[in-house]
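Common to both upcoming complexes is subunit A, partnered first by subunit B, then by subunit C.
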Partner chain A sequence: MTAAPYLAIALILAIIPLFLSTYGQGLMTRFLIFALFAMSYNVVFGYAGLLSLGHAAFFGAGGYAVALLKLHAGVDLFWITAPLGLVVATLVAGLFGIIALRASGIYFLLVTFALGQMLYSLAWNVKWLNSKGMQGITGITLPDLGIPGLSLDTISFYYMVLICFIISFVLLYRLVRSPFGLALVGIREDESRMEAVGYNTWLYKYTAFVISGAFAGIAGILFAYYNFFVSPKHLGIATSFLPMVMAIMGGLGTFLGPVIGAAVYVFVETFASIFLPQRWPLILGGLFVLTIMFAREGIGVYLLRIWEKVSHRYGIAES
Partner chain B sequence: MESLRVERLSKQFGGVWALNSITFSVEVGDRVAIIGPNGAGKTTLFNLINGQLSATSGSIYFFGKDVTAMPTHARAHLGQARAFQLISLFQKLTVMDNVLLTFHGATSSRFKMFRPVEHFTDVYDKTVQTLKTLGLWEKRNEPVSNLAHGEQRRLEIDLGLALEPRLLLLDEPSAGLTREEGLEIIGVIKNLGSNNTVLIVDHDMDLVFEVAQRIIVLHYGEIIADGTPDETESDQRVREIYMGLE
Partner chain C sequence: MDWFVINLLNGMSYGMVLFLIASGMSIVLGAMGIINLAHGAFYMVGAFVGWTVAVKCGATFGLGILAGGLSAGLVGLAMERGLLRHLYKQPNEQVLLTFGFVYILSNVCLWVWGGWPRPPFTAKFLVGSFEIMGRSFPKARIAIILIGLILAVGLWWLQDRTRMGAIVRAGMDDKETTMGLGINLELAFAVIFFISSFIAGAAGVIGAQLLGVRTDLGMEVLLLALIVIIVGGVGSIQGALLGGILIGVIDAFGKAVFPQLAMFTMYLTMIVVLIVRPTGLLGRKI
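The block that comes next holds the complex of A and B.
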């Protein structure tokens, strides 16, 4: 890739929050977390072609690990909570992958859905997984980075999330450009041919599923800190839908699509809920329908096409 | 030396025996055609040899090794390559990606996750070389679905050959091709070295009689004739049930 445009965007992301209110900074944080979540989902759905409806299980598992450490052990040192959250999310993905990948197509979708809902009801019913007298775990505070004299506030937490996002972005980008990533696309297009030319397709799908779950776990860990609260909802279907909607809206199977989808989702959600507090899902749903009808390949791809047309007409040299 | 041996191989779909206790063996370098009317079990036999289906009973040996329970990808690494009856290239992917994927399948770098595909120079150079030889270099960034049918067929077979397989399974290589394209395919098969064993299923009798040294005739899942083209042509049963002659 030519790194220049990416560096420019990273720089913009680094500068913008300096001019925003605390509320705006929080919004940017939310956007980055969901962008990471959607990017992780894109690996299984967009690249490997596996339609999963249980991706929130790994997101929530990461979040719950952080929340439980705080609730039962009072630990909020980031260097303990984050690795543990990552391990928990990865283990859950490793287990669910073994079960779900025995099926394919619509059955895979149903199994992942059922497994996600299982965690949801587990979180709902087991006392140990809830704060006293409520559903979910509250009382999460911003993480302690263990650096003397530094306690996180909204903007420094934003930069922490931005760093996690950039690292994940680079890792995932390299993943989808590697022979492994190309093999996932091959499996999406024609699995039996892939086997005939020597790929153990199950192992590829499983590895992709687990890696994707791990990155969803990172998003979940950051989300728990951002939200100060996790609830069973974050493990179930309502949250599993989010990365799917974002990936489809932004452009499925394109690397930047889910990021754009997440941006659209988060900002439309915010503005719509300011103007129409009761009806904002309606606006979002309408936008989703419009995307499917008029920009089938995703808003991201659509914008790129327009940019190409504009730059072609005005003779702007393409990089 | 024996390349492939099939022993009392059977495959049952529901109540139907698609293959019923088939036994034959093939020597290294043989060019064997498998013919028979529709539903005789030809493609099923290929699917079993290649591992896309698992056998109901019986065994398959590949260079003396029992591969009956081995998954398809492992058989590919032992040196089996297959061109499917319907073109099975990745239609939406570019010509370049198709070749890269096929070649990476044979290397251990296929599972690498951190370096871009283009950095694996051995595979990449081979890909560039192949595309240039086939005259497809100019079209490398077009999706395969933009290629003409004959070009796709040719690409698929040549990819199979470029893997230098010890056993090449060709399922109706000439299906849907013009006469000239068919002749080109015949030429390609004839030029193969004596290390390659080729099994062909085809309805095109010109191609079969041109290429094959031996013909196996399947009928309702059983072998009814096995011999040189001349023997097969004069076999009374074959003439009756397959060629529709009195």
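The block that comes next holds the complex of A and C.
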């Protein structure tokens, strides 16, 4: 791969918000956060082939860590909240991975669902995990970066999220292209053969699960700051569906697919809810069905194929 | 003692509704390998149609159950024949498609019936309550337990004693051989999917007394079905029955003893079962 198209996209992402309203900048931030969430999910789902229905547990764990630090300790220094959030999300993933990877196939899906829902009900029931008199934690503010004279606003927060996104993008890209990532694909395609060749497939799947949970945690930390509010919903199945839908819609097992899926989801949801506030679920649901019936490999793969045709016709060098 | 019996009966009636919700989804999952996330949405469609027939048009409750079941069954059959049929053995695509239907059906119900929740309803002769050990207990809940038991026996018979059931069980164990014996599995699958959706829709009317009729039922009922399937195990009527009753009873006692931990007892049961028996209490290997 040549880095040129990626650099061009990064440049576009860096410039566009300068011309957008605050609302548009917020929307772009939301897109990047969910793209990161979907990318992290893609490691277990797209590459290792494990259909998980509880990925929001790690996303929400990161978010709750940030929110709880603010609520109980008043801490909002990013260099304290983010590492702690990351540790919490990773620990949750480490624990859940041990339980969930005892099962495979459909049972893996059911177990991850169950674990996520258990965190959801804990967050719902335990008083310490909620702001006074409500469900969820409110009062989160944009993070303090500890630099004197700098307080974040919508656009500078966007750039902070963009930096986190780019770093995660590069790390995850290198991960899936490494021998480790290739072994995951091997496990997805034929686990017993990989075992016979001498791979400890459990350890590979477990490591992928934990790494993926950690990156979901980063997305959750950023989301808590973006949303100013976390609720039990962000741990449960309603949120777990999102990265799955985005990954499948964009193109499973391709690296860019989930990013494209996140873009489609976030922008269609927003515009549909602006122009047809009553009917947006219908449009979104219809979009899922149409994607499956007409662009089964995912919208991302579909677009890439068109791009290849165009670049072939105009003689743009293939990478 | 009366406290114990009342809670047990409450749990049993809730458990029977849970059984009705989960049985169809469990069979479809076990026999066809299809994860139908729209199963809860079928329940909701049935509940709304049943409400229209039994309450708005004032027909009998039995007719409401039939109408609810038929409408959900037809929606399910249309989805299976039109779309899902092309997606056998592709769980990822099934998940996205059926999840899309949760959105679509919920929004269509909102469109047609409006957002206001309907009060619980039941048959006219089931209004009122019995006297049990000095406490009053709603007749409708007893009726739910009876209907659930009758359906459980009926489905059990269908599964274990009929040619249809034998085909389903054979298909679960070895699909290729079953088809090689000249059995039309396509047709069998369509019938199973229709029956499964029919039960979901009928359950929507039967369970209206407990869960009400709302447009957010699609998701809520899906969660309940998944919990029951996890506890009972995938692919059998017995599993769904055991899982449903267990979760129903545990939930009733949980609410009575630790009211502040409303859903937690249910989820905890699920986790414990998963750790002890990852395939559920009566699960088949799939």
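General remarks:
Definition applied: the second predicted complex is superposed on the first by the 314 of 319 C-alpha atoms of A that agree within 3 Å, B and C clash if a C-alpha of one lies under 4 Å from a C-alpha of the other, contacts with A are read in each partner's own complex, and residues count from 1 in each chain.
We take it that contacts are C-beta pairs under 8 Å (C-beta built on N, C-alpha and C of every residue); 3 or more make two chains touch, one makes a residue touch a chain.
Values in this document were obtained by computation on a predicted structure and should not be read as measured data.
By the touch criterion defined above, A:Ile12 reaches neither subunit B nor subunit C. Using the contact criterion defined above for the overlaid structures, shared-chain residue A:Ile147 touches neither subunit B nor subunit C, since it reaches no partner. Applying the stated contact rule after C-alpha superposition, one finds that A:Glu189 touches subunit B and leaves subunit C untouched.
Contact comparison for subunit A: of subunit B and subunit C, C touches the greater number of residues. By the touch criterion defined above, A:Phe241 lies against subunit C but remains apart from subunit B after alignment on the C-alpha atoms of chain A. By the document's definition of touching, of the two partners only subunit B reaches A:Arg177; subunit C does not.
Contact with neither subunit B nor subunit C is seen for A:Ala4 once the two complexes are overlaid on the shared chain.
Residue overlap on subunit A between its contacts with subunit B in one complex and with subunit C in the other: absent.
Contact residues of subunit A toward subunit C in the complex are 45, 51, 99, 102-103, 105-107, 109-111, 113-115, 117-118, 120-122, 124-125, 237-238, 241, 244-245, 248-249, 252, 278-279, 281-282, 284-289, 291-293, 296. Across the interface of their complex, subunit B is touched by residues 174-175, 177-183, 185-186, 189-190, 192-201, 204 of subunit A. Interface of subunit B with subunit A (complex): residues 50-52, 71-74, 76-77, 81-82, 84, 88-93, 97, 100-102, 104-106, 109-117, 120, 123, 163.
Contact residues on subunit C toward subunit A in their complex (touch as defined above): 29, 33, 35, 83, 86-87, 91-93, 95-97, 99-104, 106-108, 110-111, 219, 223, 226-227, 229-230, 234, 260-264, 266-268, 270-271, 274-275, 278-279, 283, 286.
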